[in-house]
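Look at the two complexes coming up: chain A is in both, with chain B in one and chain C in the other.
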Partner chain A sequence: MSATRRLVYTLGAIWLVLAVIGSFVIAILPFPPGAASNVAGSVTDTIRLLTWAAWPVFSLTIIGVIGAVLVRRSDPDAAAAPARELRGNPRLASTWIGVVGAVVLALAIVGTITLGNDDAAQALGLGGRTISGDNGNVIGGALDEGGYLPVQVIAQQWQFTYRYPTLGGFESAHLVLPNNTNVQFHITSLDVTHSFWLIALGVKGDAVPLHDNVFLATTQQLGTYRSVCGELCGLWHGAMDDNSMQVVSAGDFDTWVAQEKVLDAPIMKYLPPYSTTYVPDPAAYGS
Partner chain B sequence: MTVNGKTMSSIDPTTAAHSFAVPGLGVNVPLLGVDDNAPAGATNTVVFSFKVPASGIFHWQCFVPCAAGTLYGLGGPMQTLGFMDGQIEVGS
Partner chain C sequence: MTTMAVARQPRPLSQVLAQWGIVLGIVGAFIGFVVGAQIGEHLVPADANSTGSNAALIIGYVGSAIGFLAGMGFFNYPIARLMGRPRPTEWDEAFLYGEEGGWKRYFRLNVDHKAVGMQYLVTIIAFLMLGGLGAMFIRAELLQPEPSFASAESYLTVVGLHSVIMIFMASAAIIGPLGNYFVPIMIGSRSMAFPRLEALTFWLLPPAALILLSSIFLGGFPTGWTGYAPLADEAVRGMDGYLVAFTLVGISISLSGLNMIATVLTRRAPGLRMTQIPIFVWSVFVTSVLGLLAPPVLLAVLVMEMLDRIGHATFFVPAGGGTPYLWENLFWVFGHPEVYIFILPAFGVMLEMLPVFARKPLWGYRVAVGGMVGVGVLSWFVWQHHLFVSGIAPSLRPFYMFSTEAISIPTSIVYLVAIGTLWKCRARFTVPMLFIMGFLFNFLIGGFTGVFLSDVPSDFALHASYFVQAHFHYTIMGAEVFGLVGAITFYLPRMTGHVLNERLGKIQFWWMFISFNGTFLSLLALGILGMPRRVVTYDPGLQGLNVSASLFAFALGGSMLFFLFILVKDTIVTPVRARVVNVWDSLGNEWRLPSPIPIHNFTTPPTDWALPYDYDRDDHRTAVPGGGMALPEGVTE
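Moving on to the complex of A and B:
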C-alpha cells in the first residue's frame, strides 16, 4: 500500500469518527432559539437538522484540505496528477451540475409552495405568520373563537405596548403571557415600520402602520424573555429592547390581569376602542 | 402628580401637549397643555416624583406627536436629540 493511499484511509477513518461524534454532539447541543414556543421549537429543529446534515460535508471538506496539504508536502508532484484527471471530465461535471441543480430546484419548488401557502405551518401546528388567520373576532372570554388568546402589539417610536382585547381591552407597557396557551399576536404600528421580535419564542413580525400582521404561537416554557425591535425605526431604535417579557402560569397570569385592570381603570375611558389598526391624529392633542 | 398645585392621577389625552416618559423606569407623565385662550407666556407646572431602582443611563422622550407640520407630528423636534428626547444619567 502506497503512503498516499494509507494517508487517505487514515483521514477517511478520522472523518468517519468525526462525523459520528459530531452527529451525536449536534443532537444534544442547545441550539437557539430554544423551545419556549412551538414556533421556536420548529426553528430550533430546522437549525439542528441543517447543521446535522451539513456537518459530515463540512468535516469531509476540512479533512480533504488537510489531506491535500499533507500529500503535497510529502510529494510535491503527487497533487498535480488528480487535478489533471479532474480537469475537463464531462461526466463528472455533468453529474455535479445535475445533482446540485436537482437539489436547488427541489428546494425552490418546496419554498415557493410554502410561501404561496402561508398557512401551511399552522396546518402542521407549527405556528408562524398567517394571512388568512381571523382578525380578532372577539366573542367573549379570554380566548377568541379559534381558541387563541389575542394580544395586540402596538409599536411606536420608540416603545411597544400591548393590548388584550378579550380581557377588557386594557393596555400595558409589559408583555405577559400564560403558559401552554395559543397566542394570536396582532402586530401594528402608529408611526413608522417597526418589527416585533420576541427572540426566544421565535416570533418576528413587521409592525406596519394601518396593517394588522397576525402571528400565531403557542407558549411552552415559563420564563422571562427579551423582545426587541428588528427594523431600524429612527433615533432611539436601540431603546426598543425589553428584557422583561414573561411567560407565567395561568394563575399568575390571572393575577397580573387583575392588577393591570386596577391600574388601568382611571385611564380606560381615554383609550380608543379596540381596533386592528389605529390612525394617529396629532391635531387631537392639546395646544 | 400635581398640576398647578392640584392633585391629578390622569388627564384626558386630548389635553396633553407633551409627555415625559422614561420607558426603562416605568415613568410616563402626561403634561397638560395650556388653555387655548390663556395669555401669552402662560404655563402649567407639573410636579411628580418617582424612585430610581438602579444607576445607569435611561432614555427619556415625549410620546405625544407634538411636532406640528411634520408627518403625523413625529418629525422635527421629535427626531432631534435634546429636544423631545434625551438621556438621563443616574449615578450610584
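Moving on to the complex of A and C:
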C-alpha cells in the first residue's frame, strides 16, 4: 500500500469515528429552544437535523484540507504528476457540484415541507405554522373555528402589552397563556418595527405598525418563560424583556383572566376598541 | 525634496494651489457646509419642537462633501474642458501622477493607481482600528447585564458607529488597496480606465467617515447599520450623518465598480485573454459588477429616507401611507449583494496566494471563476432571507430558502479548488499561508452557520440573535479580514519594499486566530440560547458566556494592535527592506516589475501572457535561481 493511500485510509477512519461520535452527541444534546410548544419542538428538531447533517460535511472538509496538506508528492518532480492533479479535473468538479447540490436540494425540500404543508408536517411529526401578512379575519367566540385562542401582542417603545379580544378585550402588561392551547398571536406595533420573540416557545414575528402579523403555536409545557424584543427599536430595545411570561393550567388561566378583568374594569372605557391594527400618532415622526 | 525633471518656471496660480490639496479640501468643506446649511435652513426651517433643521444638516453635509472635492481639485479638469481651456500641460500631468515623489503626493489629488492603493490601505487600516475600538467598548459594556459605564444612548451610538465604519472598511478592504494597486499591473495596463474617477472613489471615503463620526455630537443614530425605518424617521439629527455618509460610500463603491469593469474589459494588454487573467482579477471583476449595480438601490432608499426626514414624505411611515417593508426590501436588495462585495475579493486574493505557497498550479482555475460568477449571480436572489419573520407572504419563503441554500454550491467550489491546489503540495507555512488556513477554517464555520439561517424553521429561533451576528463576523472578519492581514503581509514587499517579521507574524496569527474563535464561538452559543443583538441589557443567566466573549474579544483587539505594531515597526520605525524583489518566489506578473514600480508601470507591457501559476514547469525553476527571482536589469537591491 502506498503512503498516500495509507494516509487517505487513516484520515478516512478518523473522519468516520468523528462523524459517528458527533452524530451520537448531536442526538442527545439538549438543543434550545426545547419543547415548550409545538413550534419550539419542530424548531429544535430542525436545528438538530441541520447540525446532524452539517457535522459530517464540516469535519470532512477540515480533514480534507489537512489531508491535502499532509499528502506528499511521491515523486519530487512535479511535472510527472498528471494534469488532473495539477490543473483541475472536470469530472471531480462536477461530482462535487452534484453532491453539494443534492444535499442543498434535500435540505430545501425538508424545510419546505416543514413550513408549507401542515398535514405533511404533522405526518413527519413536525408542527406546521404560518406567518401571514394579510390575516385580518374577525374572530368571534372564545375560540375561533380553528379552535385558537387569539392573543394580540402590541409593541411600542419600549414594552409589549397583550390584549385578549375573545375574553372581553382587556389589556395586560404580562402574557399569560393556558396550557395545551392553540394560540393565535396577532403581532402589531404602535410606533416603529419591533419583533416579538418568545424564546422558549419558538415564537418570533416582527411587530410592524399598521400590520397584523399572525403566528400560530400550541403550548405544551407549564412554566415561566422569557420574552424579548428581536428588532432594534431604539434606546431601550434590550429592556423590552420580560422574565415572567407564564404558561398555566386552564383553571389558573381562568382565575387570572377574572383578576385582570377586575383590575382593568376602571380603564376599559379609555381603551380603543379592539382592532387588528391601531393608527399610530403621526406627530411622533419626522424632525 | 522634490526632484522635478520638468523645468520650474513661474507657475500659474492653479499649479500653486494644487499642491495644497487636502488643506484646500478642508477649507472647501467648511465653505460648502455653511453654504449648504444656509440653503437648507432657507428651504425647510426647523420645526418648533426640534433641535434644528434636518434639511440644513443634510444639505450642509452634502455641501461639505462637494466643497471638499472642489478644494481637492476634482472639478478643475471637467470645468476647464467644458470652457474650452487648453489641455493639461506636461507639468500638470506629471504632478497629477505624483512624479515628484515624497509623502505629500498622498495628501492631494493623485491619479496614480498605486498611490490610490496606498491611500486606501492606510485608510482601511485606520477604519479597522477605529471600528475595533467600538467593538472593545461594546464588549466592555456587555461584561455586565445592566448598563454600567455607558448610558444606553452612548452604547447604541457606538453599536451604530462600529457597524457602519466596519461596513465602510469591509466594502473596500481588499478591492480598495489591492484591487487598485495590482489589477492594472496584473493585466498589463499603464493605468486604470478612468484615473480621476479612481482618485474620486478614494477621496469620497474621508468625508464620509468624518460626516459619520460627526453624528456623535448630534445624539448618534439608533438604528445600527441597517437603518430600519420608521425608527430612522423619529431619530435625532445624528441619523442625518448616517444617511449622507452611506450615500457617499455608495457612490464610491458604484464608481469603483464601473472603473474596474472598464479597466478589466478594455485595458488588458494585447494578447491577454479573459481566460488568462489572474484569479484575483476575476474576483475583482465579479465584485465590480455587484458594486456597480447594488449601491444605486441603496442611494435611492437613502434619498427617500432623507426626504422623509426633511419634508415628511412618509415613504416608510405607515400612518402617512408608507410602509417599513419598502425600506427593508430595498435595503436588503442592496445589502445582500453587498456582503458578497466584501467576501469575493477575499476569495480571489486567497486563491491568488495559495499556489505561491503550495508551489503547485491553481487547481481548477475555470471552475473557480465559474464559482465566483455563480455567487455573483445568485447573490441577487436571496435578500428576503433577512425578512423571514417580518411578515412577508409565507408562499415566498420556500424560494428564498432554496436560493440561499443554493449559494453554498458555488461557494463550496472555493473549498474544492483550495483542496485541489493543496493536494500533494509541499506547502510553505509562511505567515500568508497561515492566514489562508485560518480563512478556510473560519469561512467554513461562517458558511455552515449560514445554512441554519437560510432554513426558515431554524431561522425562527436564530434570526436577530447573536447567532446571526457571530455568523457574519465569521465570514467578514474570519475570512475577509484574515484574508486582508495575510494579503498585506504578502503584498507589502511589492507595494513598499518592506518585509514584515516572520516570527512575530506567526505569533500574531495564532493570537488572532484563537482569540477570534473564542470570541465568536461564545457569541454563537449566546445566539442559540436566545440573546438578541444590539442590546445593552440582557438575561443575567447569560453573563458567563458574555464575559467569555468579552475577554476573548479584548485578546482579539490586542492581536490587531500587535499587527499594527509589527506593521509600523517594520515599515517606519526600523524599516526592513526586502533583499530581493520577489520575496515569495511568485510567478505573478506583478513581481516581474522593478522595485519601486515605475509610475506608469510598463514602457511596453509583457507579451508572453499565460496563467501565472505554472509552478510545476521546469523552466520556472531555472527562472528563479536559488529561491529569489533574478532582479530586472538595472535594478539593485
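One rule holds for everything that comes next: the second predicted complex is superposed on the first by the 199 of 287 C-alpha atoms of A that agree within 3 Å, B and C clash if a C-alpha of one lies under 4 Å from a C-alpha of the other, contacts with A are read in each partner's own complex, and residues count from 1 in each chain.
One rule holds for everything that comes next: contacts are C-beta pairs under 8 Å (C-beta built on N, C-alpha and C of every residue); 3 or more make two chains touch, one makes a residue touch a chain.
What you are looking at is a predicted structure, and each value in this text was computed from that prediction instead of being measured.
In the superposition on chain A, A:Q156 makes contact with chain B only, while chain C stays out of contact range.
Of the two partners chain B and chain C, more residues of chain A are touched by C. By the touch criterion stated above, A:L232 is placed in contact with chain C alone, chain B being left untouched.
In the overlay built on the shared chain, the residue A:V20 is in contact with neither chain B nor chain C. Judged by the touch definition given at the top, the superposed model places A:G88 against chain C, while chain B stays out of reach. By the touch criterion stated above, A:A3 is placed in contact with neither chain B nor chain C. With both structures placed on the common chain, the touch criterion links A:V262 to neither chain B nor chain C. Legend: residue contacts after superposition of the two complexes on their common chain; A:D191 is shown touching both chain B and chain C.
With the contact threshold set out at the top, residues 191-192, 234-236, 239, 280, 282, 284-287 of chain A are in contact with chain B in one structure and with chain C in the other. On the side of chain B, the complex with chain A involves touching residues 9-10, 12-17, 21, 23-24, 26, 28, 32-36, 59, 61, 63-68, 72-74, 78-79, 81, 85. By the touch criterion stated above, chain A contacts chain B in their complex at residues 156-159, 173, 190-192, 234-236, 239, 266-267, 270, 280, 282, 284-287. On chain A, the positions that touch chain C within their shared complex are 4, 31-33, 39-40, 42-44, 46-47, 50, 54, 57-58, 61-62, 64-65, 68-69, 71-73, 78-79, 81, 85-90, 92-93, 96-97, 100-101, 104-105, 107-108, 111-112, 114-116, 126, 130-134, 191-193, 195, 197, 199-200, 202-206, 208-211, 213, 226, 228-239, 241, 243, 279-282, 284-287. Remark: chain C residues 46-47, 50, 53-54, 152-153, 156, 222-224, 226, 228, 230-231, 233-234, 237, 308-310, 312, 314, 317-320, 324-325, 359-367, 389-395, 397-398, 401-402, 405-406, 408-409, 412-413, 415-416, 418-420, 422-427, 437, 440-441, 444-445, 448, 451-452, 455-458, 460-465, 528-530, 532-539, 615-618 touch chain A in the complex.
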